[in-house]
Structures are given as C-alpha cells and as structure tokens.
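Structures incoming, each one as structure tokens.
Each of the two complexes below includes subunit A, the first together with subunit B, the second together with subunit C.
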Partner chain A sequence: MRRRLSGWWWAALGAVGLPHDRWLSVPRLTRRAVKTAIWLGIGLALVAAFGVWKTAALAVAAVVALLVVPAWNRLPYGRFFVPLAVIGIVVAYPYYLGSLPQLPVFGPFPQISTMVVMMIFTMMALGLNFVVGYAGLLDLGYVAFYAMGAYMAGWFASNQFAKQHLNLGAVGLYPGWSGYHITIWLVLLMAGIATAIIGVLIGLPTLRLRGDYLAIVTLGFGEIMPQIARNGDNLFGTGFNLTNGTGGITPIDGPGFGNWAQAHLHLPANYLNASNFDSLYLWTSIVLVGITVFCSMRLRDSRVGRAWIAIREDETAAAAMGIPLMRTKTWAYATGAFFGGVAGAYYASYKSGAFPDDFFFNISVFILCMVILGGMGNIWGVIFGACFLAYLDREGLANVGAWINGHFHTNLNVPLYEFGIYGVIIVVVMLFRPEGLIPSQRRAAELHEGVHDDPLYEAETAGA
Partner chain B sequence: MPTVAALLVALLLVWLAINLAKGPAYFTNIAFIGLTNGAVYALVALGYTLVYGILELINFAHGDVFMLGGLISATMISAVFGVTTKSSTGFLVLAIVCTLFIAMIGCGVLNAAIEFVAYRPLRGAPRLAPLITAIGMSFILENIAIGWKGPGYTALPNVLPKGDVFSAGGVTYTWEKLIVVLITAPVLAALVYLVQRTRQGKAMRATAQDRDAAAMMGINVNRTISFTFLIAGGLAGAGGLVYALYFGQLRYDSGYQLGLIAFTAAVLGGIGNLPGAVLGALCIGFIQAFNEGLRWHSPGSDWTESIVFSILILILVFRPEGLLGERTPEGG
Partner chain C sequence: MSATAEPLLKLDGVQTYYGSIQALKGISIEVHEGEIVTLIGANGAGKSTTLRSINGLNHPRHGTIRFRGRDITQTAAHDVVRMGIAQSPEGRKLFPRMTVVENLEMGAFQRKDRHALPEDMERVFTLFPRLAERRNQKAGTMSGGEQQMCAIGRALMARPTLLMLDEPSMGLAPIFVQRIFDTIVEVNKQGTSILLVEQNALMALEVANRGYVLETGKVAMADDAKALAQNDDVKRTYLGEI
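Showing the complex of A and B:
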C-alpha cells in the first residue's frame, strides 16, 4: 500500500535530494514523527484555509493523532481500526454536520440527503467495479440493472398492481391500498436476485463477444429497456399496465421495522414517519455499502475473483490454465448486476418512485466515470470516485458555479455542463493516469505495460 | 439458429407483402421515406465503418461530430447566407454547396483533431481505453454544442422545395427527398473513387489490412489514420447538412441516437465494409420507415429504437461479420 502511492512521489523527492533508500535508513520512530508532522501540517493548513481555528483544529489534530500516529498495522486486529474509525466518522455525520464550517470554493458540507445519494452511488459503482474493474468487461448499460432494481421496488412495494392484494411486512400502508406490498428489506434482496438473473440472461449470449462489441450490446440493452418501461403501460395492446408508462410508479413504500420492533428493540417502525428520516436512510445505506465492500474484498480474493483478474489480464492464458471463460465472466456480470439492483431498489424507496428516466444513458457513463476516476479495480478508489462525483452532481457543481460567478462576475450555468466536465475527467484520466487516482497496483501495471488482450477467438485464428 | 433467423425474415417478408397488397401506393411512399432516411444514415455509418476498418475502434464521438456538422450547416444556411423560404433556386443551390464544403471541412478537421488528442496517445493501450476516451469526447462535443447553441433545438427555415418530382396514382416523390439523395450520391461516389482509385486510398486499405506491414512498405500509418478520420468527419459533416435541411431542427443530443442507429447500420452491413455500410443504412432506413409508417400491424414509432437495437444485438451475437461478411475493408 505504502509502496504503491509512492512511485512518482518519491521520484519527485529524489529529484530534490531525498532518495527513498536514504529515507528508509532513518530510524523508524523519527520517520513516524516526521510523517505525523506532515499530516498535521496538511490538516492545520486546511483548517487555516477555512478560517475557523479552535474546535476544528482540535478535531483535526485528534483525528490525525488517532489515525496516523499509532502503528495500527502492527497491533493485533489493528488493521480494522482505520476502517472502523472512518465508518464511525460517517455514521456520526448527522450529529456534527451543523457545526462544520464552510469550505472554500465548495461551500457547505453535503447535506444528509446528498450523503444518502453518495452512498447509493458508491454501491452502484462498486457493483460496476466487479464488471469493469475486476473482470475488465466494459458495460455501458449498467443503468439497466439499477433501473430494473428500481422497478422491482415499484412492483413489489407500491399500489401498482391494482387487482392484487398482498401485504408481507410492509409498513406505512394507507387504508384502501392494493397491489403487492413486501417489506423493503426483502424487496432489496429480491431486486438483487432478479437483476442478477437478468444479468445472466443478457450475459449468456453476449459475453462471448469481444470487449468493444460487448460494450455496444450492453448499451443496446440499456436503450431497449427504457423503451419497454416507457411503453409498458399498455403492453402489446393488451391493456396490461406493467410500468405505468412515462409517469413511472410512485409512491413506493419506505423501509421500516414495524411497531413490534419499535416497541421492543427501539428500531424505527417506519422511516417515512421518523423525524430524522434522512439520517435513518444514511445509516441503512452505510450498512449496505459495508456489505458491498465486504463482498468486494472477499470475492476479489476468492477463487472466482482471481479468475476474473486472470481473464482481464490475459484471456488466452486464463483459458489455457483451465478457467471457464463464459462461466467466470457471467459470474462477474451477475454479481455486478446484483449490487446494481439492490442499490436501485433502495434508491427507488428513498425517492419513492421508479421512472423511465432512471434508464438515462448518462447515468451509465456517470457511474463508469466514478470507477475510472477513482481507479478501476481498487475498492477505496471507487468509493472515493463515487462519493466525489455524486457530491458534485447533487451539490458541488452548483456551489462551485455560484462561487465562480460570484468571484469572476460571470454568468455560467455550471451544472448545465456537468457531463462535459465528466467527459473531460474521463479523457484526462484515461490519457494521463489510466489507473485512476487511487490505483490498484496490478491494474496500473497492465495499463502502463500494455497487455496481450486479443480475445480468444482471434488468437485461435491469428496463425491462419 | 439459422432456421429461426430464416423464419423471422420470412415473417418480415410476409408482413411487408400484406402491407404492400393492402395499399401499394401508400407502401411506395413509405419506402421513399425509408430511402431518404437510409441516405442520411449511410453518410454517418460510413464514418463508423471507415474508422473501425482502420483502427478497430468504435468511434463513439462520431455521432456528435455529425451533430456539430448539422449545427454548423444550420448556422451557415440561416445566419451566414441568410437563406429564407423566398430565396431564389440559384442562390439556394449555391448556399447549400458552399455549406456542404464548409461543414465537411469543419467536421473533418474536428474528427482528425479528436483522433490526435484522444486516440493516438492510446495506440498501444488495451482496446477498451480508446473506447472509453471516445465516450468522454462524445460528452465533451455535446457540451460544446450546448455552450454554442444552448440546450434547446436549433431550427432552420424550411428552405427545401416541397413540390412533387412526380406524382402518379397516389405515389408522390417530393423534391426535398430527391435533394437528399442528390447530395448524398456524389459524396458517396467521391468516397468510392478516393478509396478505390487514389494512392491515398490504397494506403488506407493497406493500413486497414495490416498496419505493421503497411508501415514496412513505407506508408506513413499515422498520417493515413488521420486522413481516414478526416474523411469520416467529412462524411459526418455532409450527413449533418442533409439532416439539418431535411428534418429542419436539431440539438446537442441529436447525434447520440442517430449515431447509434448508424452504427447499427454499419454492423448490419458488416463493419469495416464500405458497401456493407450503405446497404445496412438503407435496410435500417427502410425498417424504420416501415415500422413507423405502415398501418397493418406495425409496432409503431414507440418501438423503433428497440427494434433497431434488437437487430444490433442479434447481428452481433449471431452474425458478427454482418450481411456482406468481411471483417476488414480489404475490398474497399
């Protein structure tokens, strides 16, 4: 981890007379002290930039002291400390948001609702990371899984099917309800499984295609599905209303644990009735992201995960080693689809609706941009990319635009150029740092050395 | 699988035959619309196929180059030349020809510049890297259009004459449709001449066939690739003019959808194959027109995109070499 960050950084330091080996010859304690001083300096410089001193400075000093000073990696179970501390900081976010200062340029810290969306997009980006980052398959129709998840929530947690009448643990139903109402917790799982099945169905015929053809085919599916959603209020002239057309399915039930759980376990009965409902959604989404991160790490190091990476690096060699190409790729596709579906269903529950516009191609590119910016294949990079871009989308760009217009007396509508900015990010990252901001070491090596990425069928005919 | 495909095609033909029998004149009129659509698609599809043939890259930004060509044309015709519905025919022809050249040169240079900036540095990178930058370029171009014209539609006056070329027994063929073909045909003829008969065309074909061998034979591969992008961009510019004239309005995202349809046409004909692209474009044009126009059991315009993309998926999965075969444009 240390070594990975250092490449160009140490090259720069070497240029000014501090080569890496000389640094390593300094006693360990001194090194740690110097590092702590550097981090404290960076933290305090940031605080000084905000213009608020006492409390913020203390907080920064405390966080730095806790995270950097002790050699956590060397302590028993110490490796869990930093992730747990980060989770704690995020979980407590609603409590200290009010006392946070304004950032320069970016303005206030994101609201809790924005944090929820950031978490949801983190889940989707991690899901896409299975496909793009691990298995190296470009999926331009990932939004289809997200929207399928949203529609699953629409079908099984709303009044959509007026002739049906089923309540399975749903909360907050009004008198006179109809349709299927299954508790959101179960719907999340159902949405994940259903989208994974759809992923397999789409994948089986198409995954044998070459990389760029696969990208276009997934894009095609991503264009067909919204049309079905738009025209699905009267499928084939039968009058069967599957998707409620352009109006979308709304409202969708909120999550909750019911009255019994509230009375006995102090869990919220219905999120939508709670006064801190954004916070409840945030905490739930943190749990979901945590599960996704856990699965990402465990799957990456599992047998199938190593097979994904092998296929990404060299399909021919992987096949020669006995990896079943189709099955392995399909697993990657299905896993990615699963998390996309769960995230979609959760998002649908949060915004209480599933709409055909959810299938917008730009969302696919938006999620892809998160993965590319953060670093394909690296979980922490993808989380960073997702949080940062989702924040930009919801609040950041508007704030930055307001700052630019205020300081330079211009009249730019910055959010209008949102996707142009993402386009620039994509191009610049791919040209100058294809491994992303926080790279996965293996992926970086591939992207720089180039790989033998002719697909198998071409290798077969190459000699002919 | 071949049986299923044959069955599908047979059903399609039966459906067309019944529609033809129910109203031959109406059917012919719809077919004329399809021909016109196909001509526009052909200009764009050729750009995809040229670039794919030489680099094996799906130039995702191509549709947006086409869109910018349309915006350039709309600006030239309505703002620079000031053509109105009352302009004389001679002036109209002059303005269209001048606009055609300007749009072709502008888009050609733009496309070559995109290749230079976004694709050339990634020559040795994994295959997906330039495809990803192409998507990024596509968004950048769309936002250039937003910055230039705003997010709304840019309309231009209905300058093409609407009169009939001929009209017999309910079958009418209007001048505007003929003009689309009249602009498209010479451009296509010039392209065929360029690829088949000139030295530069020979270099293009050689580079498409084997880049390393071409380089060893003294062909400047990078310059040939730039030239190919220039030509592809020029075709997109011509397509943009035709689209702007015929459909009368376009905006920043017009190129995305049409680009995908044109790419489907290129794949249908056999990507990398120039005649295939034209054939595929005509097929897609007819399919779209019949689907949207015919009265007897047609799915209607709500389903056009689904049909086109289903064709794309089916072709890629079951016959990736397309209708005319040949994965590379060795035959030109």
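Showing the complex of A and C:
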C-alpha cells in the first residue's frame, strides 16, 4: 500500500513538473513540511467546497478504501473489486450528478453529455494506444479511422443513398425514408471491420518505414481522409454523392432495441425518443469502453502483445527471434483502427451526423496527447488522459476561464487557447515525466534509458 | 566428415548488397551436420553480412542458399527461424527491459510446442547456471558476459538445427570468453551444428572443425581448422604472430 501511495505522490510531483530525483535531493524536513502543507491545503479546500461534515465523510471513506483495498486484493477475484467499483460509480453517475456540489476552480461536475464524449474519446485513445503505446509506432493520422467509422454510420444508417431502400433492424425511421438503415449495433461492428481493413491497406505499404518517416506518411493519410469527405459529393467527377461534401451526412439513426425488446425486456426501443437520452448513450459507451479495455488487456498479455513489445524494444532482435515484423505491426495498426472506427461510428450516431470539419489534424494530435499525457502503454493512464483532456475540451477550460475572469476581473476567452494549453501541458509532461502521469513500468524504463533502434533494412557502414 | 549426401547448409556464389554497395562478392560455404564451422576475417570482410544473408535480414541478389535441401535464399526472416536456424546477433541485442526469462521466452516465439518450453529453459539454465540466478533480472542490467549467455540461451530456445553466433566474445572479459567457448562446444556435443563468426580467430579455430577466411566479401581460404591455425598467412594476419 505504501508503494502505491508513493506512486500517486510521484505522479502528483510529475504533474506540477518536479522530477522525483530532484525532489529527493531536498532536505527531509522541508519535504515533510511541504507534504504536510499540501495535505492541509487539500483538506481546507475540501472543507471550503463541501462543508465540514461531507469532508469528514469523504476522509473516512478514503481511509476505509485505502485500508480495505489491499485486503480485497488478496481475496479470490479481489482484483476485480476496484474496477467494478469504478464502473459502478460511473454507471450511477446520472443518478447522483444533481446532488454533487461545485468544485473549486473547475465548477460543476461534467454533464452527462460530456461524460459520453469522454467515454468515446477514451475508446479512441485506447485504440491509438495499441499503435503508439504497445507497438511503438507513431501515428499522426488516427483521425482518419475516426472519420471512416463516422462515415460508415453515415452510409449505412441514414437517408444518404436515396435510391436504395433497405431496413435491417433500424429504429425510429420516419415515413418516406430511403437509403440503407441498418441497426446501429451492426453498423458499429461493420465500421470497426471496414476501418480495420483500411488500416491494413494503409499499413502494408507504410509500416516498412520507421520512426519519423512513418509519422509523416500517417500524417498525410490523416489529411487525405477529410479532403475526400469534403469533396466526396461528386466523387472523381462521376456525379456520385458519397459523402455529401461540406454539408456532411445528417441525420444518422440512433441506437435502440425495438418495440419488442421494450415490451418484453424493458430495453429502450429508441434512444432518441427516451427521456434519459444522454444516460442511455453513457451506459452504452461504458459497455464499449469496457470491451475495449478487456481487449487491450488480453491482447497485451497475448503472443502478439509480446511481439509488439519486442518490436518496440529492439526491432532487429525481434526479427532475429522469428517475429514477423510486417504482420505484427499491421496487426497493431488494424486493431487500433478497429476501435477507432467503432468509436467514430458511435460518435456519429450520438451527434446524429458525420461532418468533414470534425476530422482535421488537430483531432489526431488531441488523441495522441491523451495517450502521451496519461502514459503510453498503460491502460489506466490512457483512460485518465482521455477523460481529462476530453473534459477540458468540452467543459473544463470554459469553467476555469469563467473562474479566472470572475476572480481577476479579466476578459479572457480561455477555450480559444485550447491547443496552446494542451501544447504547454505536453511540453511540461515531456520535460519532467516523459512516461506520462500513470506510466507502464516498461515504457518508463525505455524512455529514461533509450532503446536500440538501429535501421534494419538500410545500408550500414560498419561491421558488415 | 560424415558422408551425408547434402550439407546442412550450403551457400553457393552468394552476392549481397547494401543499397548499391556490394558486401558479398560470391560467397560459397558449407556447414555439415554436427560441425562447428567458423568464419574469420577482418572488419568489413563480410562475416556478419553472410549471417544476415542466411537468416533473411538481407536477401542476396545473386546466388543460392540451401538449408536441409530447401532453397531459403528469399525466405523471410521469421520463416528461417521456424525452419531451424537461430541466431545470437552481433552486439547481443537482448530486449533490455525484459527479464531473463522473458527474453528466453521470446526466443521460442516461433515454436508451436509450448508445453516443452520449461524443459528447454531448464536446459539453458543448466548450461548457464549464472542465468538461473538472474532469471528475474532485467536483461539490460546484467554484465556483458551474462548478456551474451542470455543471447545464446535465447537462440537455443528456438531448438535450432543450426545455431549462428555473431561475435560471441566481443567485449567480454577473458574468463567469460573461455566460458562462452566451452559452452559452444557443449551445445555442439548435444547435437546442434554451429556457424561461428569471430574476430578472436585463435579461440575460434581451436573449437571449430573447419574454417573459412573471408576477405573483402570473398572466401580467401577454406580448410580444416587445425590446418588454418598452422597456415602462415593466417598466423600473420589474424593470429598476431610474425
């Protein structure tokens, strides 16, 4: 337990930009004083925010949790308790959101719609984590997979193709509908598969490249997709309207289980007609994130996961061990693409539209920031990074801005500086804690000691 | 030598390029079942490139490579390992952040008979008791000699028919060099043929059955190891005797 606590403490130090070796060189008494002051400050802030009684209750709960959690872990299946508790807290979020108080500086807790977006971005970040975190391949065009997924939803769950007429379990269709309408559940799967195929097609010619070259090619790919979306209303001059150009494809069907399921199983027939619309989307996205986390863990510990780590550590050695480089890298790429596609399709269904302006380079960087901030290769770190940055994007920065303007009588439009702020966060993280806030052990070691990354297929000058 | 119809490994007129630079200018060598064969020569003579040509990291542009009667000239690296050629690469190339055990497991990546792994791992630990002591240590934190043991053990985990060792003595203390060469002989006695690339020609010729001297991408001399060790040119150039 002590080790875990000190891990969080180091994470906090890293967050404020102090590496722990430098921290340890401070005299012991000063360190104790600073720690005490920080805990006192946190306590006082909590008292100011919640009042004495709620703070006391929180403190008791925290102490009980810290004492009980290590004991849990020793029980059979004990390691599932904490994740289950977290899932429970998130699932119940819509029920207690109304009774949550305001936070200092950050203001109210995120709305349910923001929580949905946070979950969707978590899924995308976990997808990118396969490529960047596990296999160590820098992908600057991940938004292309998100776009592909969104347009899959646009094509197969809207009126886009007016000459077609197909209904496969879709809910909430208006009279006079046209086009393909496949139930969103199937479309999610189709989007994932189609995007994974695109990932393989892109990966096969490009994954021979290493490092910077791969980053540049993926960057180009990420630029091509939104351009196709933007200009796809007259595909190659044939007059075929694939993407409806700058207008985007809208509306897109919502998810739902149909009238039979509502009558017999009490499942919502159509999310869009439900009064707790946002909550339904939140719970569904929690399921999707859960599936992604499960796949992440299983794949990480599998044969191919080991091969990804080996390639990340030393590509030449991996090849000499008989690891098929291209196939293994392509697997990472396709897996990452799959989850990006599913998340994109789900997001399109939530927003009820796929618009080319949503798919620009900044989204690729945004998702990459989530992975880097949280800790490349660590599932919990990536989840944290994704939730935090998505929250800042949707609500956090605006709230902080309002607080700043209210207290300092300024007139700043803080969300306007969004990417500048992310840039500063990333630079600070890279300087003081390059492995991210909650790093994977192995990744941290690599970043501090460096990896062997000699070229494999290029000319070498010595030792032939 | 034994009267097998075809050698285990046979290179015939192999020419390999790095881009436009020709590193091998027609190499022809053979390794027979049960032999230790050594390639000696100066820096840049093409020793490592020969190994890279065999294991599929640099496919030759001309010439053929046959292994157990099959043409592997253009076979991909991972298939070469599956067919029974494992390598301890130059500079060891361990996975530094993996433990010794994890490194050994990576060596068995291509094998399908997972249930036999513990047995093979025990065999490696018997060959190198030092590795058993350090089984849960990160490979990157071990000494050079221990890393070399780990690299050889990792290659052995593939249960190879032919083991290729690239400069196993490089950068090691003399005591470790002796121990590594003792192990090479031991592994060979257990039935693995060995192709050994070495700068330490004296040690290499001592343990090998036959040797090839490479010079600027060509085979300059080929003979029994004993005869090569007595050859005046070899003595002068590679054994440091005048």
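Here is the rule we use: the second predicted complex is superposed on the first by the 389 of 464 C-alpha atoms of A that agree within 3 Å, B and C clash if a C-alpha of one lies under 4 Å from a C-alpha of the other, contacts with A are read in each partner's own complex, and residues count from 1 in each chain.
We adopt the following convention: contacts are C-beta pairs under 8 Å (C-beta built on N, C-alpha and C of every residue); 3 or more make two chains touch, one makes a residue touch a chain.
Being a predicted model, the structure only gives us computed values, none of them experimental.
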Which partner does A:Ile224 contact after superposing on A: first (subunit B), second (subunit C), both, neither?
first
Figure out whether A:Arg306 sits in contact with subunit B (first) or subunit C (second), or with both, or with neither.
second
So, A:Ile323: does it touch subunit B (first), subunit C (second), both, or neither?
second
In the overlay, answer first, second, both or neither for which of subunit B and subunit C A:Phe419 touches.
first
Partner, of subunit C and subunit B, that touches more residues belonging to subunit A:
B
Which partner does A:Phe361 reach: the first (subunit B), the second (subunit C), both, or neither?
first
Check the residue A:Asp314 against both partner chains and state whether it touches subunit B (first), subunit C (second), both, or neither.
second
Going by the contact definition given at the top, which residues of subunit A touch subunit B in one complex and subunit C in the other?
446, 451
Residues on subunit A engaged by subunit B in the complex (per definition of touch):
136, 138, 140, 205-206, 209-213, 215-217, 219-221, 223-224, 227-228, 230-231, 361, 365, 368, 372, 416-417, 419-427, 430-431, 434, 446-447, 450-451, 453
For the complex, give me every residue of subunit C touching subunit A.
18-19, 21, 23, 43-44, 46, 48-49, 55, 57-58, 76-78, 80-82, 86-87, 89-90, 93-98, 102, 105-107, 109-110, 138, 140, 154, 158
Quick one: in the complex, what on subunit A touches subunit C?
303, 306-307, 309-310, 313-314, 316-325, 442, 445-446, 449, 451-452, 456-460, 462-464
Per the touch rule above, subunit B residues touching subunit A in the complex are 56-58, 117-118, 121-122, 124-129, 131-133, 135-140, 142-144, 146-147, 151, 256, 260, 263, 267, 302-303, 305-306, 309-310, 312-313, 316-317, 320
